[in-house]
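Which chain is which? They are A, B, C and D, in the order written, and residues in each are numbered from 1.
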Amino acid sequence: MTHLRAAQIEDEMDGDTLHEECGVFGILGHPDAATLTALGLHALQHRGQEAAGIVTFDGTQFHTEKRMGLVGDHYTDPATLAKLPGTISIGHTRYSTTGEVALRNVQPLFAELEVGGIAIAHNGNFTNGLTLRRQIIATGAICQSTSDTEVVLHLIARSRHSSTADRFIDAIRQMEGGYSMVAMTRTKLIAARDPTGIRPLVMGELDGKPIFCSETCALDIIGAKYIRDVENGEVVICEIEADGSISIDARKPNKPQPERLCLFEYVYFARPDSVVGGRNVYVARKNMGINLAKEAPVEADVVVPVPDGGTPAAIGFAQASGIPFELGIIRNHYVGRTFIEPTQQIRAFGVKLKHSANRAMIEGKRVVLVDDSIVRGTTSLKIVQMIREAGATEVHIRVASPMIFYPDFYGIDTPDRDKLLANQHADLASMCKFIGADSLEFLSIDGLYRAVGGESRNDTRPQFTDHYFTGDYPTRLLDKNGDNPGPKLSMLASKS
Amino acid sequence: MTHLRAAQIEDEMDGDTLHEECGVFGILGHPDAATLTALGLHALQHRGQEAAGIVTFDGTQFHTEKRMGLVGDHYTDPATLAKLPGTISIGHTRYSTTGEVALRNVQPLFAELEVGGIAIAHNGNFTNGLTLRRQIIATGAICQSTSDTEVVLHLIARSRHSSTADRFIDAIRQMEGGYSMVAMTRTKLIAARDPTGIRPLVMGELDGKPIFCSETCALDIIGAKYIRDVENGEVVICEIEADGSISIDARKPNKPQPERLCLFEYVYFARPDSVVGGRNVYVARKNMGINLAKEAPVEADVVVPVPDGGTPAAIGFAQASGIPFELGIIRNHYVGRTFIEPTQQIRAFGVKLKHSANRAMIEGKRVVLVDDSIVRGTTSLKIVQMIREAGATEVHIRVASPMIFYPDFYGIDTPDRDKLLANQHADLASMCKFIGADSLEFLSIDGLYRAVGGESRNDTRPQFTDHYFTGDYPTRLLDKNGDNPGPKLSMLASKS
Amino acid sequence: MTHLRAAQIEDEMDGDTLHEECGVFGILGHPDAATLTALGLHALQHRGQEAAGIVTFDGTQFHTEKRMGLVGDHYTDPATLAKLPGTISIGHTRYSTTGEVALRNVQPLFAELEVGGIAIAHNGNFTNGLTLRRQIIATGAICQSTSDTEVVLHLIARSRHSSTADRFIDAIRQMEGGYSMVAMTRTKLIAARDPTGIRPLVMGELDGKPIFCSETCALDIIGAKYIRDVENGEVVICEIEADGSISIDARKPNKPQPERLCLFEYVYFARPDSVVGGRNVYVARKNMGINLAKEAPVEADVVVPVPDGGTPAAIGFAQASGIPFELGIIRNHYVGRTFIEPTQQIRAFGVKLKHSANRAMIEGKRVVLVDDSIVRGTTSLKIVQMIREAGATEVHIRVASPMIFYPDFYGIDTPDRDKLLANQHADLASMCKFIGADSLEFLSIDGLYRAVGGESRNDTRPQFTDHYFTGDYPTRLLDKNGDNPGPKLSMLASKS
Amino acid sequence: MTHLRAAQIEDEMDGDTLHEECGVFGILGHPDAATLTALGLHALQHRGQEAAGIVTFDGTQFHTEKRMGLVGDHYTDPATLAKLPGTISIGHTRYSTTGEVALRNVQPLFAELEVGGIAIAHNGNFTNGLTLRRQIIATGAICQSTSDTEVVLHLIARSRHSSTADRFIDAIRQMEGGYSMVAMTRTKLIAARDPTGIRPLVMGELDGKPIFCSETCALDIIGAKYIRDVENGEVVICEIEADGSISIDARKPNKPQPERLCLFEYVYFARPDSVVGGRNVYVARKNMGINLAKEAPVEADVVVPVPDGGTPAAIGFAQASGIPFELGIIRNHYVGRTFIEPTQQIRAFGVKLKHSANRAMIEGKRVVLVDDSIVRGTTSLKIVQMIREAGATEVHIRVASPMIFYPDFYGIDTPDRDKLLANQHADLASMCKFIGADSLEFLSIDGLYRAVGGESRNDTRPQFTDHYFTGDYPTRLLDKNGDNPGPKLSMLASKS
């Protein structure tokens, strides 16, 4: 019995949310490797709540545990950690994008290679994963999962290089897309970030031992020191030498390109206390609220965040506008798993399962609701209705990011394009009417860029990737655009 | 596998928290009785996360389901609700005060009486429960649980009155303490509140059918209308008549006394959007912060709430002081159950499992931490340490309630008296030093009274009960002070 | 996930079987009390497979564990036994006669009395249980289960006697029916058998410590010595004295009557290696087969037992007739629980899920099938069909007990009277035709009496009870025949 | 929670037993494919009780379900079968030879090939599996399990042939050892048996649709017709043609050799009602008992089988010797899983957890115990002791197979060679003394050959394989004897 990210439950029901699939963590040479990995994954839990896996190597054998549910449900009791001995460890926490919740898809994946075992975990998506899978199968490989990670394992296995590091780089050169990856062998911990740097990955250190993880909050929980971001296109290979010392070798196998971090990490995914690309996420979100207050001011009595995502921007909006910040919506944190498949009667209570209006702060007031983003708009509609029923005289919505028009192909699970609010309406007025608000405004692209990086968008060389807003994809999309789909796969489905 | 109130996890480890044991809900004559009870209990989940039970009557037979875990984990799927047919229903959600988490202690309890079946659920505690239990056993009754509710059932069964209502009142007259109770028979829904009105209980209405529940938030979730509070010492008996209409009969069997609601409902237990005793809880908490800012001002750069309990008071403190409100502590909502019995290694990470410092809002700043209350102080100590490690130049703690000196006997689970911070130190300076803060201040009793009710404490006839602060208990304490403990009970322990 | 008595599975589907509800075990003063109780219950598992419970007393507190499923699934691992400390223990294994499989009905039951705690487990049924329950409720008691054991607890609690032993005897005097009972207090182990001695109960000894259990096989497994049968109408009270010695006090509170043990213990329920009423069960069953061969001889090629119940009688039949004994039916021991609620497709395979014909021993042969008893006949019908399909030229059925005409009221769960084969057909020929056999014969009443006790039935004072065959009930049937049913109970149903 | 083959439990504790690893089943073109596969696996449950898996293809997609535990625990409820749509199905039931009970090792295994998906299940073992695995890994494949089946998948994937059938045969040509295999693609069901025919495999037919399974008992349960044995070295390819008809293509890719079926199938593994190699197993076992009575007669009062394995031979022994056959040992069928890891106290009760002496048939008698085989002898020792304690005056052991001296490499899990009774003692007298019997005799090799096939062993061309008795292995043993072990694998261990 597990709990989903509470903030997504009623959105879940309507598909009115975005999901990022994964968080990764790896550590080399530490006696408490598995425990530290469990704690790191716990701090990264907001990036995926459905399942978590850890692999360790104890000097002789690899060990793995994979579990459905929260890290804290399984990986903290002595019995489980006792099954994960060793000083090298990588871990992964995931959100399942499909109905398939089978353990066999839970990362890290492991393979026995000629040069020894290797385990890999990744966050993100390969835009040529299917193309590569078909090539591999055509030359006699067998694929036992639907995971892109398995493709990476095959590419490594097939490399003609003798060292694992060279093989890994060989594989990396063939992959396209947006990803952050950690891998481990019997002596190495390897980290890699895609050439454009779409997904984040940072390097840290604890007791002189190297750590790689998706966000800095996973360093903070264990008291590890932040060293630097893994650079876009970089592969960092850490190895325990014969004398016990650790060597670090950083390479850039691909042609250098400018970094373009995913803006949605700032808007929604990353934890507010994380530092992503050198910028504090909470500050970026508060700046979005400040810029939004400047771009789309409104006369009102209270600024109310849509919890919890909208809170930092709402604080910024309130400070910039001088309108008081109040908790006008109270969130119920005790939303259990089965609310996802409730009876029709219960489903009808929708948004109220998670949110309730705090009437004393709403009644008779002009309310500004601040949210982080709008995907389909169905949740916004229900929240506006709830606020009106609580007696608000006016309801104004301010969204701390631009309108979403395009799908993502780098690991964010987006609804079908025609389900997006922005694509269902001709103009802002129509959207506002659909949602039932008195006014509706989105932050501008430039407002967002300035909130995050201090400067407006450089249209020639954009500082970030913003394709869901603009359609400007930072890589080619081979699987999507390829004209040679090859034989249809008849992959195995396992319901349990 | 269940999830505890996330806000209590690391306190759990140290026992540094207060628990209220229960929330209750009842509805009469509604075709969706069980579904509405499940939703009501979901809204009351903050009053108890360990287990929940529902009883219904379908015109012929009583039905019950009891489950460990969150309401949303079990009571929303069609299969479970299908086992609870009928139009009368009561439910209960509980926090276990003891190590015993056995289902047999989960309420509501049921008994077959001569006049028919009766089921009862209550929130609170009887101060003469053990005394009554011994009297009952001495006259040939058998007790199969350690629950006070079983004692109520015995008193009802032994009454010489013929009507269930009269029997219920007969039982009520013998009970002392602080409690709110809902009961149901084949045709009746009965609600009762203790003579002093220590625990809250409200009456509502949906589709013309009466509802009783611990807080108004359970009415809001189902769109029910608030009618009035059940008065202190009142017993309200609702009955379905032969013609299908519902009669309501309100009685006051005990000698009238002034109401004294528990102040901790305002300080900590009730949900911020609930209206308790006619007062919005969020507003009361914000007022506590405002009064605290006046009583104990401090020069600082940011006001940081200890989430989530301290947030409303921190907003009030910030507004009153003009110091900016910022989320300087980020809370991890994904804390799983087994963190309660973690390995020693993981236990060492303590407060960080749930809280992390948001360095960008802390570093180089003078920080005011606002918390709702301090019990043992062990958590405060760790939070101060965490804030200092994040680079704060000063850390000032402001507590939005007075110092706690005395135990509760009305349903709040308090640590041993000598574990309370206020009893371990001679003065405020010593406490402040223990916690490691630059300054530490508590709200005054009068400041709290004014925040809640607008007026200072009337020392002759206090408007609320504040015994944990003052030692002024609103009832006699028979079990505690009785000099005739009787034979020692050798009650049954069941570990599973 | 538990396993039912494999021999009953496909009968289960058709209700074509008899069930006995329980086995009991108790031991006093032994350091391994819980472990020995678990082993004793394991040996008594054939008397009930659905759930098992154990209570112990550790000198200060009572402890209990109750589990659905086999004893060997739960009660043998160190963690469970560690929860059952103490030197006094009783245990119970049960078959559920109703759809209610809730743990709250699993015995032993416990109650806190004025004189201290008491736990009781029983096998059998009270013929005035409902009558007593109504009397008790009418005088102010509360009943929380539907179990007769709870009634016993109430009678004990209400007794005016001061000693538990006297109270127990007081209660026994009011109970009618067929039962064997073990009870324990803080210092005593008490055993009781009904006045007619319908259900078996034996006394044994291990390391000088007294044991009571349903059958001698529970003594054999732990290497305990058989002392004697508890006599009909006897109450045996064993107590640990202050000096650690154990006193034994045997009483006969009811008017003496001749013993009449249940013949079905010999026909079907007891384990073949048990000694019941001084007679080896296997020998009795073999004698039934021998007598059957004499009463109903047949020319045939092979004697084939219907496994496993029919095997001893088939061996006797083969030895007496000179026809070879062969395993013509092979039994599948791996029948899992869910076969009880299978898909319709699987249900259609019926008897084959458990039994298969061993064609090499059947084809072209005249077959005598020997079974222990026939209840509804639906299983016999399918087995005959299976044997014919395997190529038998003739199929003769010989049943090692008489025809069943009447229901039991002493703890055997019998189908509705009109579902019994003997009540659905005018004569033997019609039954034989229904089942599809070439001939069908039942053992005579006298043949059965001689097989068990050596002598024909004494019609004036029958040596056993044989009411299911003859309608001659050994006690009055108050609940069944009472003309004053009182108010209808609206008992609580719990599905889980 | 699952149940092991009860007959192995206490042997389990001492490793005093042989295990066969698997049973397989496949069907093509039937609308109830998954249901029939579940029933077939249920009938084959004696070949493996730890886990079972089923794969189906529904015309578009492959589906699989894999579960720990008995077939009847999982695969008969509608919900599970609903997840397995389609008309082609294969299934597998296994006994785990190692501590690894992870689901990822449960067969059938599936792989996506260039030509489409393929699923494979096998019974037996490859004597060059490790050698092949190293070759495959050396050329860039990744291995994700420790299963030989994965090696077969790789060989198929790497074949240069275009048709799956040709690829399958290509793979088969490279495998050495003893195995029976079923495989399925989108349109085909393929069966294969090793060149020597060590493991059994039969072909049947239901409603005109082909079936392959390990034993005929899996045909009997579903009412399917036995067609013929798959011949040694044969590959049978059944395919659904475009018009819905089914084509059958039988090939023999390897050089023809004489068949040598494993004698242990007759001695112990196969179900008594199965026909293996054209011979009824029960008859073979009875013949073993008859031959044993002739070879090693003894004066005694009763013949007692060690249940259940020794029963057919005991019947033969009794018939040939004229000594009465009696159930002198009663078996407890309700042995739960956790008896495998019991407390030390419970472990001490050893053989009694499953077996008890039926004193009435033992006391004062000269007893002949007939068992099917002796592996380590530790169980025999305990049984003799139990029989003596029950009062036997003499105990003679007769074993219906020869002494075991050598390990198996074809799928039977044998203890270390020096743990075998026959290797621990210089002669029969020493073994007899160790076991504590008055006499001990084993069936001769020729006696066994005549019991099974009617003729003595042809030492030039043995009719069966009997390597565990004689050391005469029917194939080369590449993995065992290879002098080039290659790099040590660091395979992944998963404890759950």
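Miscellaneous remarks
To be clear about the criterion, a residue touches a chain if its C-beta (ideal position, glycine included) is under 8 Å from a C-beta of that chain, and two chains touch if they have at least 3 such contacts.
Quick caveat: nothing in here was measured; it's all calculated off a predicted structure.
For the pair subunit C and subunit D, there is no chain touching both partners.
In terms of their C-alpha centroids, the spacing between subunit A and subunit D amounts to 49 Å.
Separation between the centroids of subunit A and subunit C, computed from CA atoms only, is 61 Å. Shared interface positions of subunit B, i.e. residues touching 2 or more other chains, are not present. Applying the touch definition to every pair of chains gives A-B, A-D, B-C, C-D. Those residues of subunit B whose C-beta lies close enough to touch subunit C in the complex are 55, 57, 60-67, 83, 103-104, 109-114, 116-117, 119, 137-138, 140-144, 150, 153-154, 156-159, 186, 487, 489-496.
Partner subunit B is touched in their complex by these residues of subunit A: 1-3, 5-6, 32, 35, 38-39, 42-43, 45-46, 49, 69-74, 76-78, 81, 217, 220-222, 271-273, 275, 280, 282-283, 308, 311-312, 315, 319, 324-327, 330, 332-339, 341-343, 345-346, 349, 352-353, 356-361.
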